[in-house]
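What follows is subunit A paired twice: with subunit B in the first complex and subunit C in the second.
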Partner chain A sequence: MAGVIARRARKQRIFRWAVLVVLGVFFLLPLAAMVEFSTRDSRTWPLLADWPELSATYPDLADGILASLLQAALTAVLMLVLLVPTAVWVRLRLPRVRRLVEFLCLLPLTIPAIVLVVGLAPVYAWVNYFLGGSSVTLVFAYTVLVLPYAYRAIDAGLSAIDVKTLAEAARSMGSGWATVMGKVVLPNIRSAVLSAAFLTVALVLGEYTIASLLNRTNLQVAIAFLGKSSATMSVAVSLTALLLAFVLLLLLSLVGERKRKAASPAVSSTVTKESAA
Partner chain B sequence: MTGVAVHLKGLRRTFGSVHALDDLDLSIAPGEFIALLGPSGCGKTTALRVLAGLEDADSGQVLVDGQDITPLPANKRDMGMVFQAYSLFPHLSVVDNVRFGLKLRGRVKAASRAGDMLDLVGLGTHADRFPHQLSGGQQQRVALARALAIEPRVLLLDEPLSALDAKVRVQLRDEIRRIQTEVGTTTLFVTHDQEEALAVADRVGVMRAGRLEQLAPPAEIYQAPASAFVAEFVGLSNRLPGTVTGDEIEVLGTRLPLIAPSGSKDATALVRPESVTVEPDPDGPGRVVTSSFLGPISKVTVMVGDVLVVAQVASDRLPTLPAGAPVKVTLQPSPVALA
Partner chain C sequence: MATRPRLRGTALLGTLPFFAYVTIFLIIPTLVVVIGAFASNDGGATLENIKALGDAYILDAFGRSILLSAISALVGAVLGAVLAYALVTARSDGILRRTVTAAAGVLAQFGGVTLAFAFLATIGLSGFVTTFFQDHLGVDIYSGGVWLFELPGLTLVYTYFQIPLMVIVFLPALDGIRPQWREATEGLGGTTWQYWTKVAGPLLGPAFLGSALLLFANAFSAYATAAALVSQGNPIVPLQIRSALTSEVVLGQANLGKAMALGMVIVVSVVMGLYTLLQKRTAKWLG
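Let's turn to the complex of A and B:
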């Protein structure tokens, strides 16, 4: 009997490793190929690390990087400013419309980017008219685009706490709504807010379709252009953007892990008996 | 800290077609401890939330210390509240939770005041812990300390014990009463647990369908219920058929005085189990149906003819009353209400 269990365990272990190896190869092989290709020209990586030189050599790429970073930061801020108070308010005062808000926030996920652009084009004609054709104006479209991911993250954070009771407790002690948000709700959904912000940054850094079709500049558009003149630099920048997204997602996972550990039974085990009090 | 008078005048609140508050009037004397008791959905929590400013009344007035605070938002009402759900801020330590309201008020001695409040609830040594490191009872004590720290004009307790286990409930219940007596804050305590309400309150208000059925001291509520609803809701009651004669009703051969006179001849009397005496008697008309051990007292169910009577007996008498034993049932002539 023990032999059968041991054999089964060994088979399961082999299967797990086989899956891991296959998936590892599937994901890592393209990355390895990118590294190999981008290092064929020995000047590529040193140039990528030398910002003044890079800006001088590839001004469009530098513009694209700066535009994407600005878009990512502004989108994250706009998303948080719009979404967090809305999600909290819906939970506190309008719980009946929660499903509707969730549905609306998830809509962009179901609409292909190309279709979204068709709808956005006339809107952006007005945006151009009022705000000009700066690539920063893409922030509005990106805020819509990141809603499904950001909403999920923030909603999960709010579900983990009793927002209504905490807000009412704070109110009964004399807090205004700003204090309730700033000192009670936000500190308790910090990891959810960070998750939403990281996801936003990762998504914006990888966005191509909307920027390209609306004739704006961002990192991915710049990379696509760069590919026509310097393939190795184009791949090196793509790889860097990809790694940056990985790092962000890793940070997100670490933040979540730290929070889980803080609430783990190991800590809860210090709960004292009622009688001890 | 001294209490203030609270008056709820003609409060109405509807949720759709449900009248949560139906012209509710309630006056609380300064420093008084009032418990609102009633079944689920009777409006007791809504009344408390309207007083706290967490819910708006459709009409009516809330007066605190003679001042109309109806239009004031919750954060301007100066009330301390303990909730049914654990409401400590998870990201703050125990002492920071207690300090929260004090800081908002810019109190310079917030730290020492928070320490004093924690000592008052017996958790002075737990100041640096976080809510998830405390048991449910401890969390509610901290919530009480936090509510009292701001020296509120009124203390509101919204079923603060309902999430706790039986033993802790009794401990904390007594502690709440001790602390309230010590600080003298006018207190409104909402509960659906009659024992809790009777044990701690100066007066108990029994609510039904958004109205106060009776507001009286606990003993009066129990011994002289104003209505059949109060009699049935507070304490267990037997529904025994009888014949009304004047201001008395004859039930199982015993004449019992009526709390309120009745117009009809045949009526159903509400008789407390502790008013029923059961004696072993080979010629008795009753038969023990079940007997349940409940600690110092036990419950015995007896069938007399086609009437089921529940009696409370001392547990040491339980061996003499096994199921099927013939018994004699007598009633103490205490005043009864009619159903």
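Let's turn to the complex of A and C:
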């Protein structure tokens, strides 16, 4: 029996490395090709690092980068302002509405972005009328787009703590709802909020469909536009954007891991709290 | 007791911003698509748009979309499952598994314009691999025509985000398989072949099928990658919708776009519904 297990372990090791090497080549090759392609013109990378020069040479690209950063920040803020109080509120006061909120938040998963943009076009005719055609207005559409991911992250965070007990304790000591939200609930779901924000930023930085079809600019639209005139530069910017997203999502997974490690004692302490009560 | 309904009312008020927002930017757009699909240009009800879905070029686009999604989902599901299995045989808290799952998390999100450019740099006409093959091996990978901007190229590019997605969604199911089941099979005299076909296979079947459906929906909904890669012609439905949205040449195109959008929603909803069913089935054993 021991011989069989050892033989199987060796077979599995060979199989594992064979799979990893073959697929590793498939996944790393395009990245390596991007590095090779973007270094064919030696001026590309220095130009990308020199912001004043870059915005003078490629004003559209600079506009797109700034627009995307602003969109990402504002979408994260709007998402949190909209979602966190609602998620906490339905848990505390309206448990029957919770299913509806969840359904609405997950609805964008079954509506492809290309479909959403078809329906958003007339809505954005009104947005244009009231707020103008600035690319910042895309924040409204992006908040809908990130709803499923952000909701899942925040809901998971709220499930890990005992919101009701926390809120009742704070209320019984005379704090108002604003204090409950800002000083009691929010600090307890900090890592969930952080992961929702990271996901939002990563998604917004990669968005192309809605921006391009509503005739607004952002990073991806600018890259696609640049690809028509300067292939080398567009590949260099693509690679940078990809690395940025990589770092963001890596940070996200680190936050998730810390949360998982911290979760077990937190859960047990709520359990003891409840049994003590 | 008399104050209770009033309290309910004030409590509902707290969710008002959320519902107002979702109504304007999610419900109304959805209704615009659904109602628009059945509306004529002057606002009356009509079935013309839905009938126009039967036109040969739209049916072809749907067919190609489904073909592209099915093949990329199948390839992604098989290779992703193999990779996931390779990870399961490694230590669950080891550096290898953690690195690969983290990378899969990032690459599954990696679509759109950047992915299109990555492949242009690799196997574009002057790409890294293309020129390497030409200069060093004397092989022209495009001797049979430039397939990168057509269905075969799209399929290849799509597998780049399908495989990592499969790893993420299939790994939990594989983790649910207990080593004791294999030992039990062996204890009863079963072979490896019997273990995979009679024990692990039936257990993992629903999870595999469900994950493949999710991959299908993922590819079917994708727009940005294809839009950045294909500039001539509109082989798949999302690109047909683009041309309906951007060109005002043919009268009534906008509502035809809505009909196609509705068709996409229906396909995705059916697939996701099946996915949910299979997911429940999986949870029974491997939850």
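Simple rule for what comes next: the second predicted complex is superposed on the first by the 258 of 277 C-alpha atoms of A that agree within 3 Å, B and C clash if a C-alpha of one lies under 4 Å from a C-alpha of the other, contacts with A are read in each partner's own complex, and residues count from 1 in each chain.
Keep in mind that, in the parts below, a contact is a pair of C-beta atoms (placed from the backbone, for glycine too) under 8 Å apart; a residue touches a chain by one contact, two chains touch by 3 or more.
From a predicted model like this one, the values you see are computed outputs, not experimental measurements.
With both complexes placed on chain A, subunit A has more residues touched by C than by the other of subunit B and subunit C.
In the superposed model, A:170 lies in contact with subunit B only, and not with subunit C.
Of the two partner chains placed by the overlay, only subunit C lies in contact with A:235; subunit B stays clear of it.
By the document's definition of touching, neither partner reaches A:131: not subunit B, not subunit C. Contacts of A:187 after superposition: subunit B is touched, whereas subunit C is not reached.
When both complexes are overlaid on chain A, the residue A:111 reaches subunit C alone and has no touch with subunit B.
By the touch criterion defined above, A:49 lies against neither subunit B nor subunit C after alignment on the C-alpha atoms of chain A. Once chain A of one complex is fitted onto chain A of the other, the partner contacts of A:179 are limited to subunit B, with no touch recorded for subunit C.
Shared contact residues of subunit A with subunit B and subunit C: none. On subunit A, the positions that touch subunit B within their shared complex are 161-162, 165-166, 168-176, 179, 183-184, 187-188, 263, 267-268, 270-274, 277. Those residues of subunit A that touch subunit C in the complex are listed here as 4, 12-13, 15-16, 19-20, 23, 26-27, 29-34, 36-38, 82-83, 85-86, 89-90, 93-94, 97, 101, 104, 107-123, 140-141, 143-144, 147, 202-203, 206-209, 212-213, 220, 223-224, 227, 231, 234-235, 238-239, 241-242, 245-246, 249-250, 253. Listing the residues of subunit C that touch subunit A in their complex gives 11-12, 14-15, 17-18, 21-22, 24-26, 28-33, 36, 79, 82-83, 86-87, 89-90, 96, 100, 102-103, 105-107, 109-114, 117-122, 127-129, 160, 163, 186, 220-224, 227-228, 238, 241-242, 245-246, 257-258, 261-262, 264-265, 268-269, 272. Listed in rising order, the residues of subunit B touching subunit A in the complex are 52-54, 73-81, 83, 85-91, 100-101, 104-105, 122-123, 126, 129, 132-135, 137-138, 141, 143, 146-147, 150, 156, 167-168, 171.
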